[in-house]
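Multiple structures are listed underneath, in structure tokens.
After this come two complexes, each holding subunit A, first together with subunit B and then together with subunit C.
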Partner chain A sequence: MAGKKKHLLKVIILGESGVGKTSIMNQYVNRKFSKDYKATIGADFLTKEVLVDDKVVTLQLWDTAGQERFQSLGVAFYRGADCCVLVYDVNNSKSFETLDSWRDEFLIQASPSNPETFPFILLGNKVDVEEQKRMVSKSKALAFCQARGEIPYFETSAKEAINVQEAFETVAKLALENMDSDDIAADFTDPIHLDMESQKTSCYC
Partner chain B sequence: MTTLESLDMPEMTEVEDDTVDIHIDNSKVALLFSKSKVFVHPTSKMKDNISGYLSLSKSKALGNSSVAGSDILLSWVPDSFLKNRPRDLSVFQNAETLSNGSIREWVEIPQHLDYSFSVRLCSIYSIIFRPPRYGWNYGSIVINLRDSGESLPPLFFHDDECISTIEYGKQITRDRFDPFDESGNMFWGGTHLLMQLKKYASLEQSSHESQLYLVNPSPEDTVAFQSVELQKVISNNRLNSSSTPPTPRSSSSIFNPFRRALHDLSFTVLERFSRVTNYGKSEVDRLMEHKVTKSILPHLPRELQVLLESKRVQKLTEEYDPARMFLARWAEGIVEQSESNNSQPVNNAGVWTDAQREEDSSLGPFELVYIEERVKRDDPLSVEQWNSMFNAHGKLQVDVHRVLGIIFHGGIQPSLRKEVWPFLLSVYPWDSTSEERRVIYLSLQEEYCTLKRKWYEDIHKQFNDRWFIEQRNRIEKDVHRTDRQHEYFQIEDLPHPDPQSTFTGTNMNMEMMKDILLTYNEYDTELGYVQGMSDLLAPIYVTFNDNALTFWGMVGLMKRLHFNFLRDQSGMHRQLDTLRLLIEFMDPELFAHLEKTDSSNLFCFFRMLLIYFKREFDWEVLLKLWDVLFTNYLSYDYHIFVAYAIAERHREVLLNQTSAFDEVLKYFNELSGKLALEPTLICAEQCFYQFKNKLALIDRKQMEETNSDEDGSKETDLPTIAPYLRNLLKTSQPQYTPSGKQE
Partner chain C sequence: MNGINTANEEITRSLEESLNICKQSSRLMQRNLQTGRLMDAFRNCSISLVEMRNSALTPKQYYELYMFNMESLRLLGGTLLETHLNGTHNLMDLYELVQYAGSIVPRLYLMITVGSAYLETPNALVREIMNDLLDMCRGVQHPLRGLFLRHYLLTQTRKGLPLGSEDEEDASRKGTVLDSVKFLVINFTEMNKLWVRIQHLGPIKEFSKRTQERNELKVLVGLNLVRLSQLNLDIDTYRDHVLPAIIEQIIECRDSLAQEYLVEVICQAFSDNMHLQTLDTYFGTVIKLSPSVNVTQLVVAMLNRLTDYVQREYESDSSNEDESETVTEKLGDIKINEEVQQKDEQECPGDKVIPPEYAIQEVLWSHVVEVIQSRSGLPLDCIVSILSSILNFFLRCYPYKPQYADRVFQYINEHIINQPSLRSALHERPLQKSLCAILLLPLTYFPSFSYCLELQNFLPVFNAQDPNLRYDIARMIVQKIIEKGHSLSELTEAQELLGFVSVIIEKKGVDSLDDLQNVALMVHYLNNDDPQIQIEILRSLKDTFIKAGENVKYLLPVVVNRCIFLARNFRIFKCMDWAEKVRLLWEFVNTCINVLYKNGDSLELCLALYLSAAEMADQENYPDFAYEFFTQAFSIYEESVLDSELQYQQLLMIIGKLQKTRNFSVDDYDTLITKCTLYASKLLKKPDQCCGIYLASHLWWQVASGEDSRPFQDPKRVLECLQKSLKIADACMDQLTSLKLFINILERYFYYYDQHCESIIAKHISGLIDLTEQNMRSILISSPADLIASDPRAYASSIWEVANVSVIDSLKNHLERATAYAEKRSEDERWSSIFQ
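Let's look at the complex of A and B:
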């Protein structure tokens, strides 16, 4: 399975529809921005090789659909994740309010062996938009992060390429640390298999 | 030579729709030859077999000496008809047993009786004589008519019961006379008929198929046999795709699959032959590996067989007989099925491939018939064609199924789509007049305006209803990223109506799309707007260019796709389950690979199925695919076959190049925009027929096992067919409860 290949770090990007998950990912991997990204349906991923502490690792970044209706599909690829990137739009308070539900849902579906210490990171995207449209302040976001175990926080703009590379350097570091600590546990689980079993039984009903 | 008996023989004339009617011709005929215990096997069940008399007779009235064989009739009447007519019966009996006689008696032939027929020799193009083989008890003949290309029901010679065959067989053994010396076949009823026929017609054995005899062939027939056969098959096929699709109305039309199977068989032999000879040796070797080639080897001309001689080829040739036997049984299985379901016979019943094959899979070992379907795509429905289908009142005057068939096989000319989609999307009923449609349109327009006004004029809702505001934002975001490369949505020439919005510009089409989706959000209270719907709306919006029509077209499309968007995802799970079952059923090797790569959840098909391939094909191509899918022509869930075809067309890469879930998903995601529609549709149609045939075969074997296993002690090796799979044969929406479970 992909998540268990040596030095392949699996990262899941979550957040409300339209906050810019696809854009952030593409800005990081391809260093470009397009306003023509379509709403993500299902899931897709991009990979990028990065150097972390003199180690070459491959980041596999999973982009997902943002409407909560499609959250239940996460089982197919949340498992084996090494880091979860939460994204909200600083100009959209609802996207900030739903962060907890994304985080909880991820922990349930991915069921990492270390839910208390599993690495999350928060990105407040679209900071390029004029200041008067901003609806979530930086302090509010920092408070959120503090309350959830010092989650690293970055204010980003996928459009203007602000802070995106920096954010993902941190992602890579956190993911690598998590993989090292989680290595043994991961080798004994075959989570997608379990999922398949449950779907299999449902199809003969 | 003759026993002069006068009969009123029915004359067969052709009427439309592949059916054959029988009319009395009052001319007198004299029996020349009669044979009892010649059977029609309408189903595979022995109890359904119909015994009758096959006869050759001479007609005085029909005589037209300029045409060879115009005064000789080949006829078949069932015993049941003669049962209450002892006098008539004795005429036939005498004709069979007496070598000479001169009894003159009148007999009656019913006006219309199932399977009975009478045809002039001059209207017979060819006859296929299939001698009895091991495991296949009865020899049979198939008569192919000259002008129509029709075939009559196969006639089976029950030699062990037939007095004339038994007697004559004894006689020729005594005389050491064996007309089939070279091929080594034993004497059978068909031989007897052939010998008699040769008295009245010139019969020419086909060089390609030793069992096929041309009747009174013209020199052109003989010379051009190969090309004639090719053309015939091709034109038959073309006819099938555009003519009124048959529902089995007459006894003979249900035999079409069998006839086509035979036609197709000869086609493939010839086609493959020509192809093989064009290839080099290595290519031939490669071809040998192909399952189609394997099965046709025995048909290849001897020269080529010599060329290809090898142990492997030899072995395959030996396997041919059981294969052909299965073709026959399969074809009859189809016939039976079409009777029991009252569904249409398979148009493209196929060419036959692999011999019995033990399938090593979860399906368990059973003999499997693979049918390589020959499927052809056609031209799109044209404006002229479409207009000619309506009468002066604008009412459709042809069978709807025929229209759907044309669209299914070729799509719709782009400029015509606007006219046709409202029918396909259930906005207009097919049987409406143009005046009725005008009235419907006006009322739908009014209804749309009313629905839109309901939220548009509700200021409270617009500012306080949290759900509404959330949904509006969602629609806003999605419309601004839906098909922006399309000219309708490309340019932002209007300022955004909401200055607080993060979007600065917009255009009229985008604003209209938002209104329609918001109206839909209010209209469909169960689902509301769900991501993906904007993708579905855009093609309808652009096609109709009319807000009310677009809205109701969307409503029509959502009736079909409603289950995709259920909150609990049950509809998507059901479809993925169905697709998984289909892959497992049809291609166990691919299924095993998907399991091995943790991909059998088929998440890689999620996007395809959710939005009906919207993201997989380019705009114009997608519209054509939707044309096809909207018809429900072969299956209401035809999109499942399209998805399966996409997998099948890439199975080699999947099998050889992918080893994990992420690779499989990536591979499918990257196919977006790179898929060729026409080959995919051809493959999907082939897959459909293969699926249908395989299902029918299993059902038939199941029935046979049940019948032969009275105490129920034997365990079956046959796979159980899940209800989801059976639903794939339905052409109307299967009924599911809201939770997605089948009722």
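Let's look at the complex of A and C:
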């Protein structure tokens, strides 16, 4: 039977070590927060099915290691991503200053078909911490987003579940739009290999 | 039969070629899935997976290929799960079916894909499938292929692993969390063996290449431990089942690369609560690792982790308490609030976060010492690095309990500083830098410098450093005290601090002026409310500062100034015999200024200090000392005879201070001011004489400033001063200068007339006004030639006609303003009589 095509959207979550990437993902997928800190070793993903514009979409969310020594096999999984989430800690200036490095690294490794319009989203996490500890202002973050193609910005707290669901609704939409574009492009470049189809190989029945 | 033969061929293709094959097959598979042709989908997927036998790929290249195939397999798995749930195909049937794939690598990937999808279905035989998959994966013993295959197993079974307890129904079918533990431990063990095996395959000359490849592959093995940490195990399970099994494998593999990495993963992947309850095991393991393992990194990682944990938990608790305090404030119970704050100030973060029964300070310290002593080959810089981490833990978690930090310094003293065998190493730059960093830690993290002084072993470590290093540390000490506003209030504390800082003070030359300035600034942080103690602190400072030699002039003034203000504190404090102690204080001040005096090159400074001291001594009613200080000031003044401009300035300072005194006897005051006036009359230049004398006139006319003051006033002398200054002004050769002085003197007459100084009468003023206006007119009507005739020096000024005119105009305006002032007061009969 001919089934309806199911969308698998690949999302990469990047950011400095300790900003809360894993906690954000756990809050979104499992609606849980653990105050225990565990460094992310290697790359790991969770999946979540969501409804976007009346379409059933499976988000494949890739959590990454913020420390280079825990990413020893490289970032081959960036390839084919549909959206990239950049995360920083609003109470940690350095995590904001390194965002461009993460973004550039992603664009180089993932090699999207159109780097200029590839969808990013920025999350400023840990807004639950008291205000006087805040180091990066909202206006500064918004300026960063505007300078890089008006990417969306959310201020989140994985701990208090602030804006996490909202942020990933936007992620899903962006990823779906991006995937649709890729599909259109892919259709035109899909070669037909008559030789392959004509070969007869043993059947497993 | 043909297929079987084909599948066994060795594959050596480039990554691009393999990826192209995979892309074609994957695309075909996806179409098959869309059209429901499952058998074709399996066949095309197998074609992709055969490429996983490519032997020409590096680990990173293999990872790329693996990632691509994972995407395909996940699509396949998702579809299969969907078809199972809607009843089209049964996963168990498919699980049997894919086992007929012709090659083991594709076969196992497909089995994992189908099996893991099956795990997520209701009523799945979870335990059976888990065990089956584990056993089947043993079939791939090629290290690279096996590692990635088992990594895929980990990834795909994440959702399906059971988390239940033995008490649940269907535990025998569904399995329990312990089954998951067993599953992951076995997979970990097998992966580690594959990983270690890589090191021993191939020729010796490629050993380093294999090491590099193994470094790249390590995250695959580490994922097992991550999965274990994600099971949300209770402490007992972790301590009794998980950790021992992991550690057994780590120790027995005897591979230093694996050991180092895996122990760090244990540290990083599991929660701090689990670590706190298994420190014995962790550090015991560290000791047993292979000799070539860098255990320093493992010890430091755990110490840093626990330090961060305490900081994080403490801040979290503190912010919660802030909220409850707000509630308390609303209730208006300030007393309780104060008590809470008092408690908070002394409570260490470590005490609050870690229960006392853990005895964390003793446990960690004993482990650190044991590691250092057991690993006898540890280089010195590694030992220092470990000590630095444990010191950091003590300082940040127990900032109010310096005894723990002192253990570290004691250890450094006994095992590093005082070890003859390490004598030469102590002079090596890297070690010195490390020790310097250690010595700076207490300055950074203790709440005040007082706690540093409680570290009995700190000073010996400090003194063992090279002078340059001690200088740098001393500089940092001073800077920290100033930055943090650390205040020391005890004499012994101040003395110990000076012991550290003396290396700056005793350095010769001008290189350290900035640092000396900081030392002087630091003096303001040595404070005790009891002036008796404060004076002793200042004495210690003076005794130390004297060692600065020529540079004493940058340090001692601040001591003098603080002593001067201390005199007032004594009166307010009113301790026993306070007046007598103040007399001792003034003697001390005199001694200090004398030290500055004898060091030369600072006479002006001494004069200023003597005048400040005299001023305060007079205010506090110690006229004998004030008299002595003024006398000393006059002596210094007399020594400045070679610099007339300086003398003039100094004399004005003396006049200013002397005029404000209030507690001299009439005779003493008269003696001082007479001397002062005489000095004014002997200034080298006539204009200076004139100014000096008319300013000195104020000495003879003090102004009342309070109820009990007895201002000294001698109208006769005032008039004498003014008249003498007039004579001098008249004697000036330069007419412009003379005129200017006349106007200034006229203003003085107005002042004293306003003060009702009896000797100043209207006739004097009107006469002076006439005389001054006459001089003004004579200048205005005279031509340059006339100026030359009357004043030989005036020739030069006539060249600058514009400036000359400007000067005359300003003098004219000055005179008009002065006389206008008097005219404005003509309603007063006394003032109007001036103009009759």
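Everything that follows uses one rule, which is that the second predicted complex is superposed on the first by the 169 of 205 C-alpha atoms of A that agree within 3 Å, B and C clash if a C-alpha of one lies under 4 Å from a C-alpha of the other, contacts with A are read in each partner's own complex, and residues count from 1 in each chain.
We adopt the following convention: contacts are C-beta pairs under 8 Å (C-beta built on N, C-alpha and C of every residue); 3 or more make two chains touch, one makes a residue touch a chain.
Just so you know, these numbers come straight off a predicted model, no measurement behind them.
Participant: Could you say whether A:Tyr37 touches subunit B, subunit C, both of them, or neither, answering first, second, both or neither?
Facilitator: Both partners.
Participant: Pick one for A:Ile121: touches subunit B only (first), subunit C only (second), both, or neither.
Facilitator: Neither partner.
Participant: Mind working out whether A:Thr58 is in touch with subunit B, subunit C, both or neither, as first, second, both or neither?
Facilitator: second
Participant: One more residue to check, A:Gly74. First (subunit B), second (subunit C), both or neither?
Facilitator: A:Gly74 contacts subunit C only, not subunit B.
Participant: For A:Ser17, using the defined touch cut-off, is the partner it touches subunit B, subunit C, both, or neither? Pick first, second, both or neither.
Facilitator: A:Ser17 contacts subunit B only, not subunit C.
Participant: Who does A:Asn91 touch here: subunit B (first), subunit C (second), both, or neither?
Facilitator: The answer is first: A:Asn91 touches subunit B but not subunit C.
Participant: Look at A:Val171 in the shared chain and tell me whether it touches subunit B only, subunit C only, both, or neither; answer first, second, both or neither.
Facilitator: Neither: A:Val171 stays clear of subunit B and subunit C.
Participant: Of all the subunit A residues, which ones make contact with subunit B and with subunit C?
Facilitator: After superposing on chain A, subunit A residues 1-2, 35-39, 41-45, 60, 65, 70, 72-73, 76-77, 129, 193, 196, 202-205 contact both subunit B and subunit C.
Participant: Touching residues of subunit A toward subunit C in the complex: what are they?
Facilitator: 1-3, 5-6, 8, 34-45, 58, 60, 65, 70-74, 76-77, 79-80, 129-130, 190, 193, 196-197, 201-205
Participant: For subunit C, which residues are in contact with subunit A within the complex?
Facilitator: Residues 2-3, 24, 27-28, 33-36, 39, 42-43, 59-60, 63-64, 66-68, 71, 74-75, 78-79, 88, 97, 100-102, 155, 215-220, 222-223, 225-226, 229, 265, 268-273, 308-309, 312, 316, 319, 322.
Participant: Can you name the residues of subunit B that touch subunit A in the complex?
Facilitator: 470, 473-474, 477-478, 481-482, 484-485, 500, 502, 530-532, 534-535, 565, 567-569, 573, 576-578, 580-581, 595, 598, 600-601, 603, 606-607, 610-611, 615, 660-663, 665-666, 669, 722, 724, 741
Participant: Looking at the complex, which residues from subunit A come into contact with subunit B?
Facilitator: My answer: residues 1-2, 17-18, 35-39, 41-45, 60, 65-67, 69-70, 72-73, 76-77, 91-92, 94, 126, 129, 133, 192-193, 195-196, 199-200, 202-205.
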